[in-house]
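Before I ask anything, here is the structure I am working with.
In this document, chain identifiers A, B, C and D correspond to the written order of the chains, with residue numbering beginning at 1 in each.
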Amino acid sequence: MTDHNDIDLRVRIGPLRLRNPVLAASGTFGYGREFADLVNLHRLGGVVTKGISLLPRPGNPPPRIVETACGMLNAIGLENVGVDEFIRRKMVFLRSAGTRVFVNILGDSIDDYARLAEQLSGVEGIDALEVNISCPNVKQGGVAFGTVPEMAAAVTASVRAATDLPVIVKLSPNVTDIAAMARVVEEAGADAVSLINTLIGMAIDCRTRRPRLANVIGGLSGPAIKPVALRMVWQVARTVSIPVIGIGGIATAGDALEFLIAGASAVQVGTANFRQPSVTEEIVAGIRSFLQEEGMLSVRDIIGTLQVEGG
Amino acid sequence: MTDHNDIDLRVRIGPLRLRNPVLAASGTFGYGREFADLVNLHRLGGVVTKGISLLPRPGNPPPRIVETACGMLNAIGLENVGVDEFIRRKMVFLRSAGTRVFVNILGDSIDDYARLAEQLSGVEGIDALEVNISCPNVKQGGVAFGTVPEMAAAVTASVRAATDLPVIVKLSPNVTDIAAMARVVEEAGADAVSLINTLIGMAIDCRTRRPRLANVIGGLSGPAIKPVALRMVWQVARTVSIPVIGIGGIATAGDALEFLIAGASAVQVGTANFRQPSVTEEIVAGIRSFLQEEGMLSVRDIIGTLQVEGG
Amino acid sequence: MTKFQEKAQILDRQELAASIIRLTLHAPLVAAAAHPGQFVMVRVGDSFDPLLRRPFSIHQVSAGGDLQLLFKVVGQGTRCLARLRPGEKLDLLGPLGRGFRLQREDPVCLVGGGMGIAPLYFLGKRLLMHGRLPEFDPVLLGAASQRELALLADEFFALGYDVHTATDDGTLGHHGFVTDLLDPVLPRVSRVYVCGPYPMMRIVAARCLAAGVECEVSLEAHMACGLGACLGCTVRATEGYAHVCLQGPVFDAGEVAWQ
Amino acid sequence: MTKFQEKAQILDRQELAASIIRLTLHAPLVAAAAHPGQFVMVRVGDSFDPLLRRPFSIHQVSAGGDLQLLFKVVGQGTRCLARLRPGEKLDLLGPLGRGFRLQREDPVCLVGGGMGIAPLYFLGKRLLMHGRLPEFDPVLLGAASQRELALLADEFFALGYDVHTATDDGTLGHHGFVTDLLDPVLPRVSRVYVCGPYPMMRIVAARCLAAGVECEVSLEAHMACGLGACLGCTVRATEGYAHVCLQGPVFDAGEVAWQ
């Protein structure tokens, strides 16, 4: 057994060094401050902010969330304070939180993404950009950037050109071939990919014959989607050579370890924060204990160690 | 309130009339006989058999199943007795079960499907064929028939040409655009589509660093996938004009009603049979009670009644 | 406002009526920080189904650090909570949200319907700490029938309030809606606190507006986090959207875009 | 073989050792049809997490329709079952699978390790119904320590069997593996029934083969249905695959492709 304090949890995401591989996922951790009473932010690998757009957005009408079996659907509609307010107000706390800050960005056009990247570059305290390509491209008929390889590549390239910050592209799982999406994004200059965003789902109220979400469809997250997320992370990690950040249904240290073993260099915890606000910190501790029990010295020694017969 | 006995649960799937819209899904109900002690088969709309291939198949090595949050992964590997044995042995019981018999078929090539359809046509007691296109096309590099529109269309057309039985094509959810898949299959001559088959997922044993399934990846089913299935059924029902059979995570009458409201003309219940062997019969009863409470006379009056603002 | 996560021991469980349960918990951190109208997010169990916490108003707190919840069994989550027994633990997050503004002088009126009575009792007790004379403060309570209401009404009465009741079946007090009792009351008060079913709150809000009386309402919305992080708990406000867990659950009736 | 689904009332709950529980249920339909070595699929709770039933051997049945399960808490499902109390109900499906072949004449030996002892007690009782002389039938029982084993060993002793025990920590009987006790026994018996951890069964199977003694083993596999429908519970057999819930759980040791 290794001594608890000797265990090295540090990982790298491209050029970025992280204290440990556990981040809070976008949209589930607000702007960090909301959780500050309940979890020690300086114990986390980092925090990914709610998705930020150029202008403030009001989001979708209510109801916006509904619980499903071991999961939830959300149709928040990308409500956020807009990039100016974000830099002016929300970064003040984040800068002092003692953890890495990843800013999740979203736009309606390729140009939006580039302008966001420009505006955020050079802002003190921002460590990386995470590009959410699950949004519809309003200029091209509303098809999501994240489902068409050429559009995903174009967004990535424009963000890449606009910033020196590490660029992480967050992939949508609602595609036939996730590995192909990761490959084009890698070629377009991403420093890393993160996945998965939510699966598209729906729920209906039988009595009223209405969708339970005002937006009709929403994003499915939580433990329910973990098997799909893990499969996609494994497929992507085998395909690209940039780091992969695993997301989807992670609620325990065991879940996080599955993603690391499948090839993720770090993980993000989303919906589980709602159930247990200190879950990220507990996952860090759980990974440490696991490595200790296994007599391992570094979390890096477990990344990508999946043993597959003949493969 | 309507009288309980007056409620009309009959539905049609193309040319086929069903006593009620509740079927048992392929692979979760064996060849019917396995459940005969525990559920009144003659109360069901029908039974879909385990997928049948030309030759018997041994299936995948163990372990083949693993439980996940509100779901399960399976990698049975399409174990089945083969079409000859199926006709000779398994049809004897099914013919006398007092319910509609749907035979699920699968192959490694387009020709396999056509030959299966031919062999099964004219066999007494078979009411329809359900074509499972989630299998890999071994002749074309192992890409699943169900993920490439042209291949799905080709399989459908070949089965259509080979049989007079109603042809239901069962769609894979592991695609970017499920409505497009449904459309090509409709154009190729399908009488109906059923969806969804399982989502591809994975689970890992952290201690051994091995996949929990010998096959590495498997199909995710159960309540966890219901929101995704319902969304896809809604998208497909809005797109095609042939009947849609809804499948995925149905475990209660309420779940079944959601699919009917979204536009399905019938539903199939899969994984829930394992938890509650009489669940199909209970769902039939639950639909009847619901209609009675709502003062409705026919289940057909609820199909496709989803109210979407502006849509 | 500091929030706490606390594993609270269940001290007592009362069944007020069929499927109406009152739990007494020892939750000193949450209890000490709580203000009337605030709520807690309760983790329902160890299983991931149900997954999310459930929001419940703080029904009352004691100086000794005890805290009560009053709830009705309506679905899977509350069914699980109803199974809990003294000695077991419940994981709470709170106190959350913005509660009622405590009026010091002029008479106020508390209007509660069904489980909406839960936060009003805490409010009723806390108002007394400001040296008010409760005889001048009408408390209007409504429920389906006598069984659900009697004990709660007695407790407000014991605090000294001017209690009036209404039941749907006429088994206690006025036979009809609690809102029927408003007319004689409104001219006598300067502020109304209301919590209950949405249609009831809408009526009370409209009547208060017409009478020029201040009105505070406690709204509900589906919640995932209770912390202002998920942005799921939206209601329509006169200006854009508001989030119940952050700007509420207590709102000025005038801030709400009633539907 | 008819199968039943039965909502069985829990009559008694015993904690034999830390996290080893014995439940007595009233399940007259399943009990009346049960044969030693068969199992039941137990629904763990109302929540969809855990989703699937869990398989447990039938530990014993009474003429009055009672049935016992003996299980160890190892994960989420068994943790839920351990919380059940007398008066509550448990949903059973059974009896399922193919049990032990009952030998009428020559001496037999029962070898049980850990929870593998569960089905052997039912077997031990049922064998007596054929007028056997249990003094000539050795029963070899192994467990981690005395606490887990003592009561079960006493019960076999009370039936009249020639009981030998082994514990990992030496607190009861032989200090070591139960397989260490086989040598003097094998020449005296014509058939061995064995249930326990896989490595233990593999050793017993090999020793029986070498000694020319018949051997029946009870295998485990992950199960979804228990009915032969899902085809999930595969094990490697000497010829292709076998399904534990259908051809098993009891197999002739020679049918199994030991790994």
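Here is the rule we go by: a residue touches a chain if its C-beta (ideal position, glycine included) is under 8 Å from a C-beta of that chain, and two chains touch if they have at least 3 such contacts.
Note that the coordinates shown come from a computational prediction; the quantities given were computed from them, not determined experimentally.
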Practice problem: Touching both chain A and chain B: give me those chains, sorted by label. | Solution: C, D
Practice problem: Report back the single chain whose CA centre is most distant from the CA centre of chain A. | Solution: D
Quiz item: In whole angstrom, what separates the CA-based centres of chain A and chain D?
Solution: 47
Quiz item: So how far apart, in whole Å, are chain B and chain D when each is placed at the average of its C-alpha atoms?
Solution: 37
Quiz prompt | Of all residues in chain B, the ones touching two or more other chains | solution = 69-71, 222-223
Self-check item: In chain D, residues with contacts to at least two other chains
Solution: 48-50
Exercise. Examine which chains touch each other and state the graph shape they make (line, ring, star, complete, other).
Key: complete
Quiz item: Any idea which chain C residues touch chain A in the complex?
Solution: 2-5, 43, 48-53, 93, 221-225, 227-236, 240-241
Quiz prompt | Of chain A, residues touching chain D in the complex | solution = 69-70, 223
Self-check item: Residues on chain C engaged by chain B in the complex (per definition of touch)
Solution: 48-49
Practice problem: Using the touch rule from the top, collect the residues of chain C that touch chain D in their complex. | Solution: 45-50, 76, 79
Exercise. Report the residues of chain A in contact with chain C in the complex, numbered from low to high.
Key: 27-30, 34-35, 37-38, 50, 58-67, 69-72, 74, 76, 79, 222-223, 251, 271, 273-278
